[in-house]
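First chain written, first letter: the chains are A, B, C and D, and each begins at residue 1.
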Amino acid sequence: MSIFVDEHTKVIVQGLTGGQGRFHGLRNRDYGTQVVGGVTPGKGGADVEGIPVFNSVREAVDATGASASFVVVPPKFAANAIIEAAEGGITFIVCITEGIPARDEAVTYNRLVEEFPGVRLLGPNCPGIISPGKCNIGITSGDIALAGGPVGIVSRSGTLTYQALHELSQQGVGQTTCVGIGGDPVPGTNFIDCLAAFQADPETKAVMMIGEIGGSEEERAAEWIKLNMTKPVVAYVAGVTAPPGRKMGHAGAIISGSKGTAQAKMEALRDAGVHVCANPTEAGAKMVDIVRAM
Amino acid sequence: MSIFVDEHTKVIVQGLTGGQGRFHGLRNRDYGTQVVGGVTPGKGGADVEGIPVFNSVREAVDATGASASFVVVPPKFAANAIIEAAEGGITFIVCITEGIPARDEAVTYNRLVEEFPGVRLLGPNCPGIISPGKCNIGITSGDIALAGGPVGIVSRSGTLTYQALHELSQQGVGQTTCVGIGGDPVPGTNFIDCLAAFQADPETKAVMMIGEIGGSEEERAAEWIKLNMTKPVVAYVAGVTAPPGRKMGHAGAIISGSKGTAQAKMEALRDAGVHVCANPTEAGAKMVDIVRAM
Amino acid sequence: MDLFEYQGKQYFARYGIAVSPGDVADTVEAAIAVAERVGYPVVVKAQVKVGGRGKAGGVKLANNVDEVRTHAGNILGLDIKGHVVRRLWIERSSDIAKEYYASFTLDRPNKTHLGMLSAQGGVEIEIVAEENPEAIAFLSIDPVRGLDLATSRRWVAEAELDEVAREQTAELLVKLYDCYTEGDCDLAEINPLILTPEGVVHALDAKVTLDENASFRHPEWEAFREDEFEDPREKMAKAKGLNYIGLDGTVGIIANGAGLAMSTLDVVNQVGGTAANFLDIGGGANADVMAAALELINADPKVKSIFVNIFGGITRVDEVAQGVLEALERVKITSPIVLRLDGTNAEAGRALLAPHVSANLMTEPTMLDAARRAVALAK
Amino acid sequence: MDLFEYQGKQYFARYGIAVSPGDVADTVEAAIAVAERVGYPVVVKAQVKVGGRGKAGGVKLANNVDEVRTHAGNILGLDIKGHVVRRLWIERSSDIAKEYYASFTLDRPNKTHLGMLSAQGGVEIEIVAEENPEAIAFLSIDPVRGLDLATSRRWVAEAELDEVAREQTAELLVKLYDCYTEGDCDLAEINPLILTPEGVVHALDAKVTLDENASFRHPEWEAFREDEFEDPREKMAKAKGLNYIGLDGTVGIIANGAGLAMSTLDVVNQVGGTAANFLDIGGGANADVMAAALELINADPKVKSIFVNIFGGITRVDEVAQGVLEALERVKITSPIVLRLDGTNAEAGRALLAPHVSANLMTEPTMLDAARRAVALAK
């Protein structure tokens, strides 16, 4: 099994007719994902290499029965696109858009939680999700993932998500699902959501977690792991050498005062019984050892 | 000078035609307070020993120019009476009613703060306020107060308020104003409000403060004193020997867990430079010493 | 007024909060009857208003009628921290996947309502608050606006409850808040609030404290009152409108006003004595009230002396003195009485008493003097 | 983007938040002109984006033209923690009765907005939070609902601000929240917010951080940008769309993705080296981008070796290799380059590079190997 998405997941792409939307949407379909429609207001009736385009999410959902949406629209329109997806009946939204204002993210997150409690948002500013061999929504290259499990991956960092997949796949260790939650300040889905889903998924036997500096999500995840997680967790936290007060790429990745350091996060994870590794390669090797010993 | 009320304060009594309202209303007038009207719905046009009765606060305020109201109505009606006073243009409300449900107090307090920012409520469940020789609103016996200052008194406890007045008056030390803030969980006016007013009042040279177990108002007052108060403060806190978990008369006077003990309050006050005394008599004597040395 | 668990669950049920099916039982036979009705396994729970029942052996699982008989028999009559078990609550046992904590109470410093929600339930919330405060999601609620479902949903997400439990819990919390406010509770607490393996959320315990000031709008509270097993002296005091709390010392205390009564305890303590009680007779101190107060204190065998501390505000001291004298005619008091009467008409009051002063009835001019005398007499 | 105080005050003014009358000055003469216009006494304040100006002598009171001349002359050019003062803010001096603190920021764990208000302003809020957290009234604001005047009034009462200041502050806080949200700030802070002896509340300082992601709806931010005195290398990087942060080490770093770049720094550190910079070239790594990145690093005299760490996701590694080769033709690089190329089309990429490998351009199969090599070369 996988978490959140599988071979039955029907996906629409909001922004399919744009450059990025077309590129990633088609790439996801080529991977085998059921990309059943696109949404671009005013372009309903057209198609993109056979994928029908609708004027609204509601129309697309009614016509295709999609439950997931891949939001690939510019930052200016992303918040509205996400809310439109929820209003249109989508229950799983992946938004890869980078550069959405924090205010829009905060309002959107809270509107979803308050008005659409059954809807999950992944991102914004995330690489997406891949359940290898079943479904790929986002920008992850399918080549570096390996189907069949038994490892679940959850990562706040884009490129390190790929690195993590690569470290495992090249050793022949597959993944159930790899979730990139993104590095923005207000992520729709967090570590705990993914850890809980992996804990509940019988095919996932171990979890690899990639954190980074900033915020306290890793610490909260550590607390959750301590209380709830029975499966082994291997973690790497990027940014041990990051200087305080400078944004390391993402708006989320910043050490404020004494808060959000990699050291504190690693310590919390270690306290929770997590195997904390010093770099992605070491984390990969540790996970391979754990899986081989099962 | 005095704080909150003086010889110019015009007072109406909500509930003047009731037993308690009549007794205290007339007693306050006998003291010299300008009791200019009463309010009892349906009894407008009548009078109580010459004090005209109106159907509503608005009518009473329009007719008399009153700015203060003395609320003496049963617990069931008290919350509405307070809001009616604020809506009717009253800016200083004294409510002596005991036994108002905590929920009603919480709603009333917050409605006043949110909708009527210029209105002060004293109480509920308090003995009232007396500016000796000028104005007495409430149930304090005027005999035990002495006009002319220089001491301000603020007290959470009813009888100990009288005791404090008595300790000073019998030594010939007068008061500017004595405010009984009451022991309920949600007092409209708190220690800090009174301390700030006394600090600002040029005639008040020193302040006597009577606290009791429960809550953290004394601790907050101590913090305020430390930062803002230049006048000497003498304090007594009742309940050193009170057992935790039992309500000592007021709903507010209860030690919950390690919170709200007299010891903690006395320590905080001592840290703030307050002269903390072991009983009311000692507090009175200390204040007399301070005043005489001025 | 603290409710027993079973009363709290009955109260919850009024507001649509899901609890386990169950009923009360005062005898072993009744316990068996309830168990047979709700179906095995059942939990047999001592009904006492004190924490730590489980550790004291007051909560047991019973899989069949024999186990119910054994456990009910053992628990009825058990003494848990001074509380004798006279009633049981028998309920269908629940499988537990997760234990949460939820409560509403008044946030006194902020004058708002305070909701506390935690994914770590089943343990004392004070311990969680101490050791891991971040595990509690605190919600400050404006009493004017209340709690709506949207905010409740935000709150359960913030508390990181398991996703399957969130929507049910969000709805339950709105009901619990209604129970807390419309039901006039000082405290409405569920610990644990459980998630079953089947994904159902319900209250496994109920801790409710009612705000007695709101009795006038809750005729249904009478039923709770009838079931109280109070200290007989406190019950008698309540019936007479006296505010009495039994303590362990030897000096009986009577004072008017809660502050003065607390202060009287403090002064007795300062001069080396110990108070036998807290007793606030309130504003009016006529003969009836004074007689009742003296009678109550007289009934306490620990009392060696009685300290009556009255400051006349509205109450005139001469009336109080008259009340004391009348009361003494009606009630035979075995301990010596020390009176301190001050305030309005104090002179007249003391004059009234002067002819009656004896080794069993004396006056002192100040609180401190009176306390010294009463403590000396109690030694 | 952090704003200077004067920019923050200009921004506040857009939202109707009262600040002291004043203006900027880049020269002593201009400072005098402003002072004469706003009236004495004035405060001469260094405009630097760093705390502790006062202690460093960057804030002075001037009562007349001579004092303005002296202070402005001293402060212009002053080095405050590595920030050279190039601009002053001159404002009318305010009498201060009380100093408060007010701010809005994002509460990341709770995903709400967080207001902080304290009657204890003028000192660092972190110190107050540490030593006396109860002195701060925290307000959690649902971003969907925002902050209204009623809630703001409740908040100022809870914070125990002086009563004369409450209504003004409640109104100001609503404006500050509007500035924070509509103005797309990451932080909007006033410390101190002052109450004058005349009973007027206004902002004496302004600390504003703008959320650059919201630039598209704020054309007015351009003016702030023009006034930036940035590190020239960081300015150049920004112009090229590169995410560059200068550090103190000797190994130049180029990586795609912020996480991988951070991780590269960590690995260099683990094998005993020190990074000269953080540089994330983002998703697309074509020849232009690579050339710009190499040029930037090459300009840093501390750099002894360059570690290019690319994991091809969307970016194909062969394209990256091509980019590196093209870039090397365009830019003369003085330090040896160690490449680690992995991911999509890695084989093809390495093959492309193979003929060009030399003592100044080498590849390694893993991050760790590449880091060791780059660090060895930097020693």
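Everything below uses one rule, namely that a contact is a pair of C-beta atoms (placed from the backbone, for glycine too) under 8 Å apart; a residue touches a chain by one contact, two chains touch by 3 or more.
On a predicted model such as this, the values are computed, not experimentally measured, just so you know.
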> Farthest chain from subunit D, comparing Cα centres?
Replying inline: C
>> With contacts counted as defined, which of the two, A-C or B-C, has more C-beta pairs across the interface?
In response: B-C
>> Using Cα averages as centroids, what's the distance between subunit A and subunit C in whole Å?
In response: 51
> Any idea how many Å lie between the Cα centroids of subunit C and subunit D?
Replying inline: 55
> Rounded to the nearest whole Å, what is the centre-to-centre distance of subunit B and subunit C, using the mean of the C-alpha atoms as each centre?
Replying inline: 28
> How many angstrom lie between the CA centroids of subunit A and subunit B, rounded to a whole number?
Replying inline: 59
>> Two-or-more-chain contact residues of subunit C, please, as numbers and ranges.
In response: 109, 111-112, 134, 142, 144, 150-151, 154
>> Going by the contact rule already set, what residues in subunit B reach two or more other chains?
In response: 110, 114, 220
> How would one label the connectivity among the chains shown: line, ring, star, complete, or other?
Replying inline: other
>> Which pairs of chains touch each other in this structure?
In response: A-C, A-D, B-C, B-D, C-D
> Which of the residues in subunit A come into contact with subunit D in the complex?
Replying inline: 75-76, 99-104, 106-107, 109-111, 114, 127, 139-141, 143-144, 155-163, 166, 183, 185-186, 210, 212-213, 215-217, 220, 236, 238-243, 246, 248-253, 257, 262, 278-281
> Which subunit D residues qualify as touching subunit A in the complex?
Replying inline: 106, 108-109, 111-113, 126, 142-144, 181, 184, 186, 211, 213-214, 216-217, 243, 245, 247, 255-263, 265-270, 275, 278, 280, 311-314, 342-344, 366-368
>> So in the complex, the part of subunit B that touches subunit D is made up of which residues?
In response: 110, 113-115, 117-118, 192-193, 196, 219-220, 223-224, 227
> Which subunit D residues qualify as touching subunit C in the complex?
Replying inline: 109-112, 134, 137, 140, 142, 144, 150-151, 154, 158
> Contact residues on subunit C for subunit A in the complex?
Replying inline: 119-120, 132, 134-135, 150-151, 153-154, 157, 160, 162-163, 166-167, 170
